[in-house]
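Just so it is clear, A, B, C and D label the chains in written order, and each chain counts residues from 1 on its own.
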Amino acid sequence: MDSMIRMAIIGGDARYLELIKKLSEKENYYMELVGFDQLDQGFTGVKQTNFDELEVEDLDVIILPIPGIDEDGYIETVFSNKKIQITKNWFNKLKKGCLIFSGITTPYLSSNAEKVNARLLPLMQRDDVAIYNSIPTTEGAIMLAIQHTNFTIHSSRVLVLGLGRVGHSVASKFAGLGADVVVGTKKDKDIARAIEMGLEAFHMEELTAYTGQCDILINTIPAKVVTEGALNQMKSNALIIDLASKPGGVDFNHAKQRGITALQALGLPGMVAPKTAGEILAKTINQLIITQ
Amino acid sequence: MDSMIRMAIIGGDARYLELIKKLSEKENYYMELVGFDQLDQGFTGVKQTNFDELEVEDLDVIILPIPGIDEDGYIETVFSNKKIQITKNWFNKLKKGCLIFSGITTPYLSSNAEKVNARLLPLMQRDDVAIYNSIPTTEGAIMLAIQHTNFTIHSSRVLVLGLGRVGHSVASKFAGLGADVVVGTKKDKDIARAIEMGLEAFHMEELTAYTGQCDILINTIPAKVVTEGALNQMKSNALIIDLASKPGGVDFNHAKQRGITALQALGLPGMVAPKTAGEILAKTINQLIITQ
Amino acid sequence: MDSMIRMAIIGGDARYLELIKKLSEKENYYMELVGFDQLDQGFTGVKQTNFDELEVEDLDVIILPIPGIDEDGYIETVFSNKKIQITKNWFNKLKKGCLIFSGITTPYLSSNAEKVNARLLPLMQRDDVAIYNSIPTTEGAIMLAIQHTNFTIHSSRVLVLGLGRVGHSVASKFAGLGADVVVGTKKDKDIARAIEMGLEAFHMEELTAYTGQCDILINTIPAKVVTEGALNQMKSNALIIDLASKPGGVDFNHAKQRGITALQALGLPGMVAPKTAGEILAKTINQLIITQ
Amino acid sequence: MDSMIRMAIIGGDARYLELIKKLSEKENYYMELVGFDQLDQGFTGVKQTNFDELEVEDLDVIILPIPGIDEDGYIETVFSNKKIQITKNWFNKLKKGCLIFSGITTPYLSSNAEKVNARLLPLMQRDDVAIYNSIPTTEGAIMLAIQHTNFTIHSSRVLVLGLGRVGHSVASKFAGLGADVVVGTKKDKDIARAIEMGLEAFHMEELTAYTGQCDILINTIPAKVVTEGALNQMKSNALIIDLASKPGGVDFNHAKQRGITALQALGLPGMVAPKTAGEILAKTINQLIITQ
């Protein structure tokens, strides 16, 4: 795409402030904000618009909030208390081939975007975005580990479950702080990579043989892997941080029963580093606008 | 020293719980606790004693609180609300050559110990203890950096002032998290070491040329080095963490005036990792008892 | 598999000495060696056998040399000067379901194994083996970089092309030595991972913009990526190490013309660490025997 | 010093080529080379002079070879076959306060420099130069470890003796390659630093308890520490690299008797990275000229 690109950002959270700032630096973007009326801060060259006044048919790019659109068409507007509903009718007005960005998609969003031939780009499903976001996620986990233990990460034994996009970052950064990191995973190749990285590693079937010795357990696997059996071996003063999306991978009830602190820590990038999280979105959106 | 060693721990804070626990594992120590009467927790084989009932003349080892004794003879007793005063007279009763441990010493403590030929061992003045403590100190600084910024440590530019015992650990661990670390120091050899460690480095005289670009400044130099001039160059959303002991190394007034968040962060080991801090004390005390 | 496992190792190179040693430690393996008659060294409990005397129909496991079998049925026998030919007829005698290990496969080997329902396991094609082997490969590249330059790896700018199994290890270890590593890759997710690892990264299309500044270029991409154009920008005292399998990824003629040293460095694991390479094979074979 | 600085480089080895190149880039230096007559290469703005024709009384800076001057006044001239003798008489002609650089000093050099009030600066005795040189020294040790073993540095157990300027670099870089590094040292503070760095550590008195398990032993202590007793525990296929200056710290005879490969590896910076070693000298000389 070249020449002037018309863009609307409709709703969004703290991360969107940096996103708006970064996008507003591009000379060939004409940006309108919807759902940011309670914002004190202004952005040079950016216009606040009412949802109803948006000239939908002219938009090249639409940026929706991270959670997309719910089943009734509503979206999250952290910086406004006006409700915004995006109807099927609204979608019908869209220019063919316009780009719609969101974090994740929902059935409502996917089906409507498809019907009108808009190109939907759920950013959080992309590998690169997931890896960039794994950085603030890891720092969030580090902060929690320091806050919720009375010992140092250095020299403590940290079990990291999963060596995917988040697990790889968590494992390497805890090791960088001097922890004795042990990775639990289901694939032979992940065992090999963990060992190459200087870590210990085991197959998830053997989990119960490893929980007994650990001081901190960090789960990144989106499946119920930290079961009653695994918890029974743990020291009661160990800390569990579950990073996997809801419902998470830990039997929280059983952990509580055993007196083990188990934190379900979601949405860390937006919490610990909204500016960085916004930059990640801006970088990716800019790049996708160029290459699409 | 061999055979049975008689020991009294008189006052102390949260770190002393782990210290007591670790020392109580030694079979040849006979331990009495003074100033821990509000403690719920018991320790096997350890006796709680009133200050007055202590048989001072039999003691081989006395462990005082980290801050030592104040000028009036009083000591810190976090786990008791009885005031304890250690008088000159009390010192006179001590066995010649008995060991007295504290964190730091005070004129009152030093002069009295010397008079009665006790061997005073202020642990925090030791290089090894300072290096071990630099680990929880660094983790405290990491926690603060994550909490008080809206960006990640990763990819941010971090100025570390001083490459002493604390600075070395801070610099290497922030680099381990992916920060772009720049060390300011006054010695050529520290510049060389920083470069060997893969960091950037500069002489402290050039400080003002470096503050303008940094996102986080961490000071470990116990001297007023972060002056008005250095602060004037800084971005207003940069974060300053001053780790140096009181009065610290930062012109806090001027930082405030410029709207820069500047945290004076003292006593981090006891705050973020009292258990580890207690283990460090126990390890060192045990070793010194053997070698003295 | 349990009870006694009958196994023949037919041919092989220096790596196979450690492989034999490690496998011979297993109590339930009955091992015979073919093609090792010039070996001085003996292995407890291992029998040297002539190819003709092998009771083929009883074998549960056959281990062939890394390069498999050539199109005429011949195999590599570094420790023998007898030629060994493995005929179709020989395959016909095999027990159904027996395991055949090799490094890579060849059309001759694959088709014959399939015909007789043997389970062929070409070890080098496995991700885990490739990752384990990336470790000695990386150390080989480090050795060459030290030998063939008059500057240190530390502080030099190292371009690593590809962030696959070998590239990931090469990039992280050169960075660990203090090099300024820049990764060239074609996938957005690999750019993201490189940045998470604290490295610089670029898309391969931009290669020519990066070659001019580098001191060492290490290629892991098995495609002609280091073209005339890329070479024209390079300093003449830069070093190129091409790790990609034949024909490699570098225009060697043009490099020579420009006076740039370009090394085609193949088979590094067997060269720099045959013992480790043998252990990797043994570990994987043992594990596959258990799980098949 | 400002304005034009008259400088003579009298003798030197491969490192001096880069030194000359770097110094010749300074506009305010007038440089003459003595003892480089066999050099093909020319340097812009640098003059080759015969020793006898040098106008000694005008020189502000004299750069001698790394080993200084021997007891008869002779110096090392790698790029000339003319013998150069620097007599007492020659010293007498020197300008008061002129700077004399060398690597190390000798009694002859020190006493003569002192007599004529020249400021002698033996570069290798400086902490910063020793630390910078520890980088190529470490890379030399890495190269040797890869060449002289049949296993990888990764996962091998490496004993590093001494945590001084060289030991610190060796330990951290071998750890960066994935070795399991254990540091032997005599000071408590070095034990603490090694542990902070994520390494294991022990007191040198316990050396014999550690040699039995190691795969590679690297000595940096300039004292006979690797004695018969320490060697008796070692595996015969372990590798010893002695970096300490002559006579080194290893009982080489006993190592030989036990069949252990023990390399006395001296002068590594000049061997593996003469360009970097020359740059280190140039950087330091430039800085000292400015600050003296």
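Basically, a residue touches a chain if its C-beta (ideal position, glycine included) is under 8 Å from a C-beta of that chain, and two chains touch if they have at least 3 such contacts.
Quantities reported herein were computed from a predicted structural model and do not represent experimental measurements.
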item	value
Between B-D and A-D, the pair with more C-beta contacts	B-D
Selected pair, out of A-D, C-D or A-C, that shares over half of its residue contact pairs with B-C	A-D
Centroid spacing, where centroids are CA-atom means, of chain B and chain D in whole angstrom	37
Computed distance of Cα centres, chain D from chain A, in Å	51
Residues of chain B whose C-beta touches two or more other chains	135, 154-155, 178, 195-196
Parts of chain C lying in touch with chain B, wherever the complex brings them together	154-155, 178, 195-196, 198
Complex contact set, residues of chain D against chain B	126-129, 131-132, 134-135, 168-169, 172, 187-189, 191-193, 195-197, 287
Chain B-touching residues of chain A, taken from the complex the two chains share	14, 135-136, 139-140, 142-143, 146-147, 149-155, 173, 176-178, 272-276
